[in-house]
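Let me give you the structure first, and then I'll get to my questions.
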Amino acid sequence: METNQSISIKNLALSFGALDVLKDLNLDVGQGEFLVLLGSSGCGKSTLLNCIAGLLDVSDGQIFIGGRNVTWEEPSERGIGMVFQSYALYPQMTVAGNLSFGLKNAGLPKAEIEERVNRAAKVLQIEPLLSRKPAALSGGQRQRAAIGRALVRDADVFLFDEPLSNLDAKLRADLRVEIKQLHQKLSNTMIYVTHDQIEAMTLADRIAIMRGGQILQLASPNEIYNRPANKYVAEFIGSPTMNFFEGDIVGGDGLRFSTGDQFFPLEGYEFHNGTPVQGPAWFGIRPEHMVTGAEADTAAIRLNGSVELVEPLGSDTLARVAVAGRSLWVRMDGQALVRDGDSVTVGFDPARANLFDKSSENRI
Amino acid sequence: METNQSISIKNLALSFGALDVLKDLNLDVGQGEFLVLLGSSGCGKSTLLNCIAGLLDVSDGQIFIGGRNVTWEEPSERGIGMVFQSYALYPQMTVAGNLSFGLKNAGLPKAEIEERVNRAAKVLQIEPLLSRKPAALSGGQRQRAAIGRALVRDADVFLFDEPLSNLDAKLRADLRVEIKQLHQKLSNTMIYVTHDQIEAMTLADRIAIMRGGQILQLASPNEIYNRPANKYVAEFIGSPTMNFFEGDIVGGDGLRFSTGDQFFPLEGYEFHNGTPVQGPAWFGIRPEHMVTGAEADTAAIRLNGSVELVEPLGSDTLARVAVAGRSLWVRMDGQALVRDGDSVTVGFDPARANLFDKSSENRI
Amino acid sequence: MAAATGPARWHRNLSAKIAAIPMITTALVVFIGGTAWTVLYSFTSSKLLPKEKFVGFAQYERLWSSSKWLISIENLAIYGAFSLIFSLLIGFVLAALLDQKIRFEDTFRTLLLYPFALSFIVTGLAWQWILNPDFGIQQVVRNLGWENFSFDPLYNPDIVIYGILIAGLWQGTGLIMCLMLAGLRGIDEDIWKAAKIDGIPMWKTYIFIIIPMMRGIFITAIVLIASGIIKVYDLVVAQTGGGPGIASEVPAKYVYDAMFLSQNLGQGFAASTMMLLTVIVIVVPWAYLEFGGKRRG
Amino acid sequence: MGNVTRASADVQVSPVPQEMTGPRGPKPRTVLSRRNIMIYGTLIMVSLYYMLPLYVMIVTSLKGMPEIRLGNIFSPPVEITFQPWVKAWAEACTGLNCDGLSRGFFNSVRILIPSVLLSIAIASVNGYALANWRFKGSETFFTILIVGAFIPYQVMIYPIVIMLREVGLYGSLTGLVIVHTIFGMPILTLLFRNYFASVPQELFKAARVDGAGFWGIYFRIMVPMSLPIFVVAMILQVTGIWNDFLFGVIYTKPDLYPMTVQLNNIVNSTQGVKEYNVNMAATILTGLVPLTIYFISGKLFVRGIAAGAVKG
Amino acid sequence: TDLEVTHWWTSGGEAAAVAEFAKAFDATGNKWVDGAIAGSGGTARPIMISRITGGDPMAATQFNHGRQAEELVEAGLMRDLTDIAEEGKWKEIVFPSSLLDSCTLDGRIYCVPVNIHSPQWLWLNNSAFEDNGLAVPTNWDEFVAAAPKLQEAGIVPLAMGQQPWQTTLAFQTLLTALAGPETYTKVFGDKDAELAAGPELTKVFQAAATARDLAKDSNVQAWNDATNLVITGKAGGQIMGDWAQGEFQVAEQVAGKDYTCLPGLGVNEVIQTGGDAFYFPKVDDEAITKAQGELAKVMISPETQVAFNLKKGSLPVRGDVDLSAANDCMRKGLDILAKGNIIPGTDQLMSADSNQQVNDLFVEFFNNPEMSAEDAQAQFASIISSAD
């Protein structure tokens, strides 16, 4: 094992009876890295996390934590802390009790327990809540206490399973920042499962996009966002979702993408591995990479359409624009004054586009 | 009653035992209007909706629907349709059964029931699902069926209680659009309770911000966003939340806002009621109204700081910038390359600011 | 414009009130009425038929000087305490075992539950037989060679109440086990996971975490067990008839015997009143706390 | 964050052979692990204990009297005879009537069906009203009912005789059905109330908006989605009513006496020697109806209990 | 007309006896609808009383002779049979005539006595003694003397069921036998507490303690199970009423040969005039009222009396019947009856309540070896002093 791998998963497979949930999965997580597992419901994120934690017995493969093969070890011996979506606080114990129960059980001396609990409480700013029971806490406070319980374990690895999804938007944003700061402070390895792209984008050092028990792409948020490895990832990330045109990449003077009766020049597009390709393909462009108004006039590609629907978000305005029988989402400024039925010109830069092969759906 | 008021609530009060949940609440909703009730958890949104629906007995006050005093009428007699967060579909009936249950109760002829059910199913595109039971539907389909149940009632008023909050982000965005289109098609009055600002901003004709059983501000989304009536509303709306400076408005040559050792000129700021005021105040500016880089250099107000925390969202980048011992959230472009510790200049335009009185917290 | 106050309150929920008439009648006429009637006649010297010949507390004096009554109470206390403890304990342990994702769960559950389908007469009879020293367990063990083996709980006045307990537990723990199993199934999986990660041993998890979370179940279970305990009668009659001697008498039997064997209704009512009093003192405050005050949803 | 490995998008790191050492795949588990031995061992022991009486009853019921006199009640029958069953069902005498349990069987059925139906109907409506349509005092009545669950039946025999006499229902099937309904009410109401309280309130609200009233919601919404709790109630009531002896015999007359009266007569009266085999056969025969219902609906029972009892 | 008759006669001999009633009654063109409830009077009486007070009475019902039904009569729930009694000249034919007294209230007759039971018998299995080289005892003292030998042979000397009335019966028997009928009448009839506490009774309590010792290994509940121990030779003897005879008969045992009966324990030969009687609750139905009368007549008719009592093992209530079919033991009873050695039953002397208290005392005494004879006597005296 390379020593800078905190977690290393080799050929992991797991089945529930006939259902193969994880298939020959390999994953290396660096020391101190913040890895987010992102994927749609049922793709096996929690299952993977539970395997790492030792809560599920693997069907095949190996799991290393800190270079040690822990495949057969008990959860409590793996040096991990875990935080659950439903908090899973012990309801009849106070917060302090929740934090210290595992330590007491491990037979740590009283003074040390107290010290660790206080330290964790300080980090999470839940000192005033230590003597309350979970029922007397708000959602955010509960989740903080749950994180505290993982924290006191002084674990090398933290596992989070959708820790924020039971909270409302504002709290989620706050706690997201807190978790990020916590990670910066503690710098231990974290694996974080979520549905929420914003969380994934903001928290992760790397994001692993999962589908059907496999990892489709494992890369930095920036890479995932700007250079999705395939159409699934491209569609999955970003809201509103990426706009797609179906067509062909054709040669001629410079490569062009032909869709319907339109041709988009592809100058500036960075092909995957640098090799230009021809053939049936998808052309994708994100709503926020579309420009309107004056900017559109100077864009490399311009399309005329009319506004179908406007969603003013305050900070931005989303508009759905009908272009040649196709609806495109466009993000505009929050002050933009557009109305249903307005005709607009939208423009975009092919350098910002994403091209995917028609059959393999991989990036080209 | 003016006839163009679809719903009119006069001096409504409601208590659960000693707990006053709604206090002397007045609200008029115009015919065909889409009103969103927005507020933090427990502020009484659902309670208000239930009062309008007749599911709770009011303690005091009156409720008019379509000019008729319905304060003591049965829910089914009020001409309303209601959609719930948990869908509340009758699990043992098919979708068609769910839709027709209310109509059968009302004793409508069979043919008419069938016609209405089919019409609603068509509008919502759930025709193929009519013979399925709720358990065999996905979340989004269930919510559509629940809307269908309200739809068939041909009600003047639709009440929605957080209809989308059990759905995942993608579906939520889709259904949000559908509801908007539905409203445009049907143009009956809708009252919609939500936690989610995006929903509120995009759907509402007017938003009512509630707090502690009262309505703090009732205005269009644009107004709420750009001219919040008080500090609570200003903080509540917008994500990341508005940045605030504490200080005083002082005279001299042109009004200025003094905070710490800095002075912000207030040219261009539109005072509430047009009357400039002096005294202790809050100065608020939204993250998306802050500019950095080249733009900042030309801004009316400029502050130097260093980046504390970066949240790349892909489409945007949020940065928390430390300025004179205060943290400000700034929204930048998704491609912006900022890192922790970078020093940046942020600038903003006082015309975009919001000033609130220090003691009353009302807009000035 | 209509006045702000609504129509009279009584007719709201009218259907509910009408539908609740059987319940209200039962509560008021049968339970309250019957109780009041019982208490009233406990102050009379009624024999075979209720008669309004009031004798003050004479019946109570006699009641408390009767060794049969005292033994009955003692037995009830012993039986009640053990029955409550063991029913909960055994029920919970069995449920915990069944909850280990085992195979043949249905079979085991059915086996453990079936005695509940049998009446106390049947239960008593079967156990009376098995515990009979002449041809039951004692004899079988003796035939195997242990000549001095002695196990005759139903014929030994000192332990007869435990003999009855054996049958009572056999009959009743299955239901409690089902309750507990249902409760265990309602516990969030994540709690188990959290405890595993904390390295809490299984038994500690049960005692310190799971059981405290099952308060609702335990309350229902205790209501069921306790109401059964107070009423215990058939089982005693079927197994021992109160014997040997009066060693296994219980209050419900005392009441029955007083009313119908002794033809001394007054005495029976006095004993009933004492039982009711105990129930009321224990149950009413609890029931009120549990079901009264708070409002749901 | 400096030491984060920036792996390429290709994550299929081919495993280095030396890493294949150490544990791999599922944790080895033998079938006879200590845990399994403990769990299954305990369960099997306990099951045997629970089976013992039934075993003894069945075995005995298949023996002839001479064999029983030999002693060992646990030994299997040498010669299987069904005579005791025939006798218990059709020949055993009670006083002058020598037609065994068969006489009471249909009476039991006649009592059982209306009693179970009525008691469940009333208790479920009570539970529904208590959970969804509270009115002033409803909780007080419920508390009284719960206390009523603790009143020994014997205490109530007399007052109820008088009440039934006053309303002229004494000695009739109706009277008995009412008595069963009354005494089943407390526990059943508790179960139904808890169950209905766990049904989402929104469903109830939706139905009200749809114009369904008290009964509409009950019949069209609540009942159809409450099968498990109805099964629980049915099992409890079938067991209780079928096994009842006291009420059946006190509040009716001989032509309505339930099977348990015959059972009691067979068991408690002996013609010379006690015919244990007949007693046991009669006992099993009597228990057959509730037992069958258990075996059929065991799974639903646990589910229903889960729904009806968890909320306290 | 169908007449529902309730009773608690369900053992073999009893049922056979009831069948005689039914047969005779059916012969009158009516129909006997049997309402047997097993489990002794304790189980059956509440049911009967509930039915009568509940306003849905049966047409006729068994009660023990004595005061069990007194209040029902007082409450006017029972039919007055005086007319029928006068017509049938019951006053003359019923023997001993005191039987009718307990059916009489304020000079009116309310019940038909059907048999006389004498509880004071000791039943012995001859072979149990003979096989162990013992003579069959002829009285209580001999029986006690023989007991150790039986015990050695693994035979329980005295079989005793655990039902309360059985232990009381044993005590009463010992009392009458060892202290004499006068003491019996004084204690239970006159409630002479002083006597009850006196030395006369101490003797009886000592004997009861002995009986308790002799019966300590008898693990049975019902009286007929105890009788069965005697019949099968597992026990030497049993103190039981003459109804035990029915069980011996059903088991085809021959009096004098297979078993021996000792009335009054072979010491003081007396017979209690207790027994069973039938009451007829008042009903509105004309036809039933008429049939009730017929049943009353049938029950007391000589033929039925003979047939019934032969099966039941009890004595007929009239002296003018032919009992040539009677066996050895029954004859002994008839002789005693003829001599007039009769005492009233405790049911007639004391209220059910007091009887029950006595029952409770003796069941405790006989089952609790720690309870001394003195204690028991003291408690007994206290019960007698407050008895009614």
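By written order: A, B, C, D and E. Residues from 1 in each chain.
One rule holds for everything that comes next: a residue touches a chain if its C-beta (ideal position, glycine included) is under 8 Å from a C-beta of that chain, and two chains touch if they have at least 3 such contacts.
The structure presented is a predicted model; accordingly, all values stated were derived computationally and were not measured.
Chains making contact with chain C as well as with chain E: D. Ranked by distance of CA centroids from chain B, the top chain is E.
In terms of Cα centroid distance from the overall Cα mean, chain D ranks first. Set side by side, A-C and D-E show the greater C-beta contact count at D-E.
Remark: chain B and chain D have CA centroids separated by 52 Å (rounded to whole angstrom).
One inter-chain figure worth recording: chain A and chain E are separated by 92 Å, centre to centre, where each centre is the mean of the chain's CA atoms. Rounded to whole angstrom, the centroid-to-centroid distance between chain B and chain C, based on C-alpha atoms, equals 55 Å.
Residues of chain D found to touch two or more other chains are 157-158, 162, 264, 267. Each of residues 256, 259, 295 in chain C touches at least two other chains. In the complex of the two chains, the chain D residues touching chain E come out as 93-97, 157-158, 161-162, 164-165, 168, 170-171, 249-251, 253-255, 261, 264-274. In the complex of the two chains, the chain A residues touching chain B come out as 41, 168-170, 173, 176-177, 180-181, 195-198, 201-202, 221-222, 225-226, 237-241, 286-288, 309, 311-316, 318, 320, 331, 334.
By the touch criterion given at the top, residues 39-40, 42-43, 46-47, 49-54, 56-57, 60, 71-74, 122, 125-126, 128-131, 133-135, 138-160, 162-163, 181-182, 185-187, 189-190, 194, 197, 201, 213-215, 239, 242-246, 260, 263-264, 267, 276, 279-280, 283, 286-287, 290-291, 293-295, 298-299, 301-303, 305-307, 309-312 of chain D touch chain C in their complex.
Per the touch definition, chain E reaches chain C in the complex via residues 42, 45-46, 49, 53, 68-72, 75, 162-164, 219, 221, 351-353, 355-357, 360, 363-368. On the chain D side of its complex with chain B, the touching residues are 200, 202-203, 205-212, 216, 220-221, 224-225.
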